[in-house]
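Presented sequentially are two complexes of chain A, the first with chain B as partner and the second with chain C.
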Partner chain A sequence: MKSIERIMCWEDDLSIQIVLQYVFEMQPVKFLLSDDGREAVKMALDFQPDLILMDVMMPFLDGPTIFKSLQNDFRTSKIPVVFMTARIQPQELRDYLALGVKDVIAKPFDPMTLFAQLNQIYGELRDERVMSGLQKRSSE
Partner chain B sequence: MKINKFQILILITGFSFSGIVYHISKNYVQKIGQKQFELQVEEIRQIIVERLHKDKGLIRSTKAMFESTRYTTKEEWEKYVRVLEIELHHPGLAELGFVSYVSGNKKDHFVKKARSSIEPSYQIWPMGERADYFPMLFVESVTKNTTALGFDIGSDPVLRAAALQAHNTGRSAMSGRIDYGPENEKVPAFMICLPVYKIVKNHEVLKGWVIGTFLMEDLMSEIKRGLDASIDVEIYDGTIPNRNTMMYDGDGLGHALNPADHSLFKQRIVIPFAGHNWTLYATTGPVFSEITNQTGSILILIAGILLTVLLSVLYHVQSATKRRAENIAQEMTSELADALAINEAILNGTNCAIISVDFTGTILTFNAAASRMLGYSAEEMLGKKALRSIHDPHEIEVRAQELSKELGFEVQPGFEVFVAKVKMGVAEERQWTYVRKDGSCFPVLLSVTSIMGADGEILRFMGVASDMTEQQKINQIKNEFISTVSHELRTPLTSIKGSLGLISGAFSDVFPEAAKPLLKVALANSERLVRLVDDILDFEKLELGKANFQIEPVDVSLLIREVAADHMTYAQDYKVSIEIEDLLPKNSNKVMGNRDRLNQVLANLISNAVKFSPQNGRVLVRASLNAQKVCIQVIDNGSGIPEDFKDRVFQKFAQAHVSHSGKTHGTGLGLSISKTLVEKMGGTIGFNSSEHGTEFYFNLNLAEDLNEIH
Partner chain C sequence: MKELCLAYKRDLPNKISVILVLWKSLKEDSWNPERFSQLYYLVHNLAGSGTIFDCKDVSDIAACADELLYPFIKIAAEPNLKDKLAIDSVMRNLEEYSLPEF
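Coming up: the complex of A and B.
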């Protein structure tokens, strides 16, 4: 199972940014942390992440808005996005998933397992894509 | 007793009617009595006259006997009277005899002849010289009184008058009253005389008289025999009743002589006979009065009076009863009016829409709040089947499908969706969307119940709807607040827990050993804080009824193993072992519940049990089947729940004083949440505790059909 090599993260809380920095620094992964989603598409195009981890509530643009802007550009629409939020009431979770995000990680997260968790999601997504590609080819 | 006008009217009318009936009855009885009396008196008169005629016949026969012979001998006379059998056939006749007419100058010749042919001692008496003599020549006395022989009846003015009258008229004549019998024993009597003639030289010459002397007492006794004894008869000689003329007095009271006589009826009849008059004076005696008395009339009067009084009393009682009934009815009417007024006030004062319908869905009640909420007036809705027009049609469709699935029969998307469960005896409360007259919608919480009649049959259905718009806004604000608070709490917690996690995990090597316990405390408490936030949110959702979850069959044996495994590390930290005792049959190990929520309950109970077990203690998780219920017990051998805390175990934020245990604090919401969850899954939860340990248990239904519980 291929693991994440490049990860991009939007989080406005500096303390959590620091924790995330520690988490990703411990892993063999290139990462980019940001608290401003206004240049999200450009940043994503520049950084080319395997997966984007995104807080929901942020001061400039919130997670769903950033997500939509990424979705609206074909160059970034295929990048899997995982929300990371403290607002995890069932309806809220349903709403996030309905947007098209791949998963939601609840705050507070366990820093020691966070990356593994993300890798798990990423791996499952890749498997799905591979399976889907195989099915397409066989049908052709 | 208070008497009213109508009662007085009843009394007056009743008494008057009774009096009139009494009077008519009395008069009628009196007239009948009078008539009866007159008939009887006439009968008496006829009998007397017949009897006198009969006696006159005897005298006439005797006259014939004397006129047929020139000289009648003593033997012939005796033979004649023997044949007559006077005593038998002529009762009352005291004497039958023949009186000769003797002129004064022939007295001696007559006496001489009589002495030779009749009686040697014969003589005319009373003695004395008179112009003529009417001496008794033959006499047959019933009393065998021979002293009458020779008696000159001409010496007695009364008898002489009768004799002369007979002679003058040539017909029988009746004397006035005479006193007959020995001195001191004289009784009233009368005599009938019939002249006897002989032919001398072709001339009728007076020979004498045949006489009959009759005793009134005997005569009347004979006459009265067989007559009604209820009538008293008095007979007076002549037409003027007095003591001297009294010949017969039946009861000896002399009614005719008593001006103050009170006999009921009285009648005076003059009986002319043989040139003489008798006065018959008849009165009714006590027996007749009894026969014709007014008892019947008086009884009618008394009955009438009693009936009137009874009627009056009945009327009074009836009136009193009616008054009481009216008073009670008035009180009840007043109470009913009060109750109706209160009901009306409640009905129209409440902010809840109250709509009642009959079995067909026709609206019977539509209160003021319903009008305010929906924009329809009561007049527009009453009597109409208009429930659909105030509901969201889509909701009705969806609910009909749900109910059809749940109840196992088809529920039509209409009125039935509101009452299907109520008809089964289940009061239903759920959220609906109401549609106003202008088309706008708003949420309501609608409770539908049935109104039963005295016979237990459903009379109508009543829906009480409260507008949930404000409530929903409040809930939304509350949710947003909770969500925000949660976010605001979780955000710093994320960095704290994350940092502590990294230190104790990735950087524990570089962390001073002496500070590690403090790091552990910080990490544990950050985790506790996270749990607290989670529990508060969870509890709020349960409280708001927003924790909807799917009820489905859950393999409880598997679940227990999983939750126990999850807690093994935790238990090891407390040096406590977890054991499982699964007594469920293989085909009966599924309960109706929600897997995640059951996990939550079981985890809460197990973690509590571990936390409160002594070191090297044992937590036993047992699953067993009991009457179609699966019972799950979590048993520890801790020191038990303090007595004063037992009644607060399931209260929110309730925690026993745990200083003695030194265990980590919980949130105080775990058991409260567990209880709510178990009950939402249709189960029950409880506990038993002693100083040797505590047992928490919950029962759930064996797996059946799928259901969604809200």
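Coming up: the complex of A and C.
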């Protein structure tokens, strides 16, 4: 299974940023951390992440707003986005998935398994894409 | 990770003190939506980070506070007296973690 090579994260909490840095530094992955979503599209275009991990509740621009800005640009709309949040009530979870995010990770997360969890999500998405590509080809 | 936990714990009393000072000023002075928003995000971050750094009790208390504060962030309104008392009782539970010896 192909694993994530480039990951981008938006997170406003410095202590979580430090943990994310710790998690990703232990992995063969290039990562970019940011707490400012105002330049989200430009940053995603420059960095070309395989996957984006995004905090939901941030004081200036929240996760859903950043996500929508990425969705509104065809160059970034295909990048899979995973939300992470400490508020994971069933209705909120449904709302996030309805927006089009690929998955939601609950905070607090386990730093020891976070990357594996993200890789699993990424792997499943890739498998889905391959399958839908094959189905499309066979129907042509 | 152990070192990160220690650093987090060292900084925790300071983080909680800021939360308590903000809450005290909201309780005792005139209502300030910006200060309330600042308080909410600090509490929310504490709820999301404590357990990661081996401070589950703090995370749990902050998650309770988050639940109580969130509706007022959502509708941008001041809690009524009953809600303020409920928030205050949760904030009191955080007080012991604001001491440096914690």
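In the analysis below, the second predicted complex is superposed on the first by the 140 of 140 C-alpha atoms of A that agree within 3 Å, B and C clash if a C-alpha of one lies under 4 Å from a C-alpha of the other, contacts with A are read in each partner's own complex, and residues count from 1 in each chain.
Heads up, the rule we're going with is that a contact is a pair of C-beta atoms (placed from the backbone, for glycine too) under 8 Å apart; a residue touches a chain by one contact, two chains touch by 3 or more.
Not measured: the values here are computed from a predicted model.
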Which partner does A:Pro59 contact after superposing on A: first (chain B), second (chain C), both, neither? second
Classify the contacts of A:Glu92 with the two partner chains as first (chain B alone), second (chain C alone), both, or neither. first
Using the superposition on chain A as set up above, list the residues of chain A that contact both chain B and chain C. 13, 15-16, 18-19, 22, 57, 85-87, 107-112
Can you tell me which positions in chain A touch chain B when the two form their complex? 13, 15-16, 18-20, 22-23, 26, 57, 85-87, 89, 92, 107-112
Show which residues of chain C lie in contact with chain A when the two form their complex. 1, 4, 8, 11, 37-38, 41, 44-45, 47-53, 59, 63, 66, 70
For the complex, which residues does chain A have touching chain C? 12-13, 15-16, 18-19, 22, 57-59, 85-87, 107-112
Touching residues (chain side chain B, partner chain A) in the complex: 479, 483, 486-499, 501-502, 505-506, 526, 530, 537, 541
